[in-house]
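Just passing along the structure, written as structure tokens.
By written order: A, B, C and D. Residues from 1 in each chain.
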Amino acid sequence: MVTFSPDPDAAVEGVQDGATVLIGGFGAAGQPIELVDALRRTGAGDLTVVSNNAGNGTTGIAALLAAGRVRRVICSFPRQVDSFVFDELYRAGRIELEVVPQGNLAERLRAAGAGIGGFYTPTGVGTLLAEGKETRTIDGREYLLEFPIRGDVALIRASTSDRAGNLIYRKTARNFGPLMASAAALSVVEVSHIVETGALDPEAIVTPGIYVDRVVLTHE
Amino acid sequence: MSERLTERTIEHLDRGPLDRDELAKLVAGGIAPGSYVNLGIGQPTAVSDYLAPGSGIILHTENGMLGMGPVAHGDQIDPDLINAGKIPVTELPGASYFHQADSFAMMRGGHIDVCVLGAFQVSQDGDLANWHTGKPDAIPAVGGAMDLATGAKQVYALMTLFARDGSPKLVPKCTYPLTGRGCVSRVYTDRAVFQLDGGRIVVSETFGQSFDELAASLDVDLLRAQDQ
Amino acid sequence: MSERLTERTIEHLDRGPLDRDELAKLVAGGIAPGSYVNLGIGQPTAVSDYLAPGSGIILHTENGMLGMGPVAHGDQIDPDLINAGKIPVTELPGASYFHQADSFAMMRGGHIDVCVLGAFQVSQDGDLANWHTGKPDAIPAVGGAMDLATGAKQVYALMTLFARDGSPKLVPKCTYPLTGRGCVSRVYTDRAVFQLDGGRIVVSETFGQSFDELAASLDVDLLRAQDQ
Amino acid sequence: MVTFSPDPDAAVEGVQDGATVLIGGFGAAGQPIELVDALRRTGAGDLTVVSNNAGNGTTGIAALLAAGRVRRVICSFPRQVDSFVFDELYRAGRIELEVVPQGNLAERLRAAGAGIGGFYTPTGVGTLLAEGKETRTIDGREYLLEFPIRGDVALIRASTSDRAGNLIYRKTARNFGPLMASAAALSVVEVSHIVETGALDPEAIVTPGIYVDRVVLTHE
């Protein structure tokens, strides 16, 4: 059942050292900035962060990395013009990196949420990222076997939640949110608006409240 | 494999190589009306400037949208509406939004007609290298490149034919780490357009040089369209 | 495994077996407030009549809806709004609709707290048989039964304790074809409520008979709650 | 690119003998009745029909079966109170049946649309329906390997299409429509309403037009 947290710090309470944390967003769109900042303030460390990118500038995920809280990053695109915090840690051998093609990352998160034990994907076949992975030829095409990525906690951003935790997103900020909400034991969402239950169109709800545990209202 | 571009190889000797805009325009003209198209980060993005209005071509951006419009300016800029290069863009009538698993299902499932991708190298077998320089200190970052290379019905590579050091980028075998195997069907370059077909390379057009001059500059065997 | 229902086994000797309504009410009372629940076709559907208003229990129907309301009557009937038993139903505030892959992802992924299913047989190991009589001329039809049995966090079986021919339906090993292995954690019957826990069967309550009378009528070993 | 057909007969033109036809609907909700009737009128035979049910009464899929056009049915729940047409054919050995648990059926259709070569599902393990299927233990749990179900054509029903083929559905009539549209080489949709492109909320489109080939307006 969804609960509404008074502030981001309350919303991320209980994240343990060593947790796997799924963090939504593609670039700045859909980044749960306030929740990531709150996570940093908890002091929880030895984290595995699963996110499309590995932080920009000195805020959000980059600040979490800079604070030394992250042991391992699973992402599709760590290297960006302003990913210097990650770059430095990586080059110094102080952080582990698993690079996953973006579509495989999305599908592995979906598999975790959907109870799928593994799946065969054509993406990555014959590349460096296939090393160590099982392959199988199905109907004449080669595939890699990929496994689910489950989170202990998901931190995501949506546009609006109703009182039942049903979520809608805005435009391309939807990106990983619905998948991560389904793939984590505890799903925490920051939203710009909270409305009464029944105010959202049942045909247009993207993440049903069943996938949501905690909601916090933050500034837009 | 895609349809033949030209019946005969056309040698444009009365001009120099294509500049970036001419090349983008050429790629745009080679996409069938009504196609669903994904334009990769970097130079391919410029192709959108030359898609004919009324062509019905619909752009996919893998971060979760069909019906992407031009780059946003001024008041149009909405931080929640960006393309795969993280540039603010606009929305056209008929657009739709979806999450990352649905977006890559669309790509992986073979529903996107054409994907135009930049390239470090393309091999004669259609292998694509565009994600990793292979340098030991490089930080690997793949994004959606492998999904796009593997998933689209047709992958067009868009690149200069020669690297800055003068080495050809259309090669017998890629020396850079691969993005996808045998995925490229057409190669658009400033010097020529190539069709790849089961290990054979057919030249459709040359720019600023003859077929023979082009052939002499590359380490791969080339065919004229009419010799097929 | 689910929490203990009772500290001690309660023997209701001052009454007979439960009727269908009493049984449905008992099941409803055993579901925690705020749970997401799927009620199988047939007798389990009646459980919804006894869910306390304000309990915050949200019903899932696997044909693609959360927030299902009561059965529709008269003008409420909408052929596009039905439950898994193909009965017209209604929509409650906060409802949402989704396609079949999303609906079964929800089920298979372990997001539904409780699923209440009818049963032909349940074994002491929690195996469930409820989809196929095993008769040679039977037409197999499984629907969502296996997905529900396998996917929910807790599966409660709801059945009469004895078949029409008098044979017990809580058995050492199912003789009917299985729907799922080791999936049932609680068995609600007209004669007693059982908790299944790693091959052990603990009796929570009996109706119209003593624990010893119950034990004598079954071919499985029973435990009293207080003997655990 | 989507085209708009003048009537259901034009919409189903070109279905070949031996085709695999995906037919939407769960019970009556979302059944593309007019398209199924039109398919029967084409005379195409030796069909494999993939649908949740195997026909009710004497109309729709049941009529198609009665006309002897179907060699094989892949469905989750053939037996219903009024499935006598199927029942009779099946008992007479005149039709093949593959029963697939509903969730596996949905996931196999999704896999076909998503380019997934196969996936591991826990549903069906240890049952009659696991016979002949490969199993694999992943993280201590047993799974079955299931493969995609692709269609040559999909016949589905939606509520509304815009001129770009973007679809929305009504309530539980959504069921298999979006999956089948993505899983077939040719997707044909009957709708109750056609609106101008831009009239549908981009956040609420369920099936993007990329999955739709032909649309026909039929009576509600």
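The rule is short, and it goes like this: contacts are C-beta pairs under 8 Å (C-beta built on N, C-alpha and C of every residue); 3 or more make two chains touch, one makes a residue touch a chain.
None of these values were measured; they are calculated from a predicted model.
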Chains in contact with chain C and also with chain D, listed by label, are A
Shared touch partners for chain A + chain C come out as D
Between B-D and A-B, more contacting C-beta pairs sit at A-B
Most remote chain w.r.t. Chain B, using mean C-alpha positions, is C
Dist(centroid_CA(chain B), centroid_CA(chain C)) in Å evaluates to 56
Chain centres from averaged Cα atoms put chain A and chain D apart, in whole Å, by 33
Whole-angstrom distance, CA centroid of chain B to CA centroid of chain D, is 35
So, in whole Å, the Cα centroid of chain A is separated from that of chain B by 30
Within chain C, the set of residues that touch 2 or more other chains is 91, 97-98, 101, 104-105, 107-108, 151
Among chain A residues, those touching two or more other chains are 107, 110, 114-116, 121-122, 169-171, 202-203, 206
Among line, ring, star, complete and other, the chain contact graph is other
Contacting chain pairs, sorted by label, are A-B, A-C, A-D, B-D, C-D
Listed in rising order, the residues of chain D that touch chain B in the complex are 1, 110, 112-116, 162-164, 166, 182, 197-198, 202-203, 205, 208-211
As the complex stands, chain A meets chain D at residues 107, 111, 114-122, 136, 138-139, 141, 143, 147, 168-171, 201-204, 206
Chain C residues touching chain D in their complex are 61-65, 78-83, 86, 91, 97-101, 103-105, 107-108, 127, 132, 137, 139-147, 150-151, 177-181
Note: in the complex, chain B contacts chain D through residues 33-34, 36, 56, 58, 60, 66-67, 91, 93-98, 101, 104-112, 151
Given the complex, residues on chain A that touch chain B span 26-30, 76-80, 86-87, 90-91, 97, 99-107, 109-110, 121-129, 169-179, 206
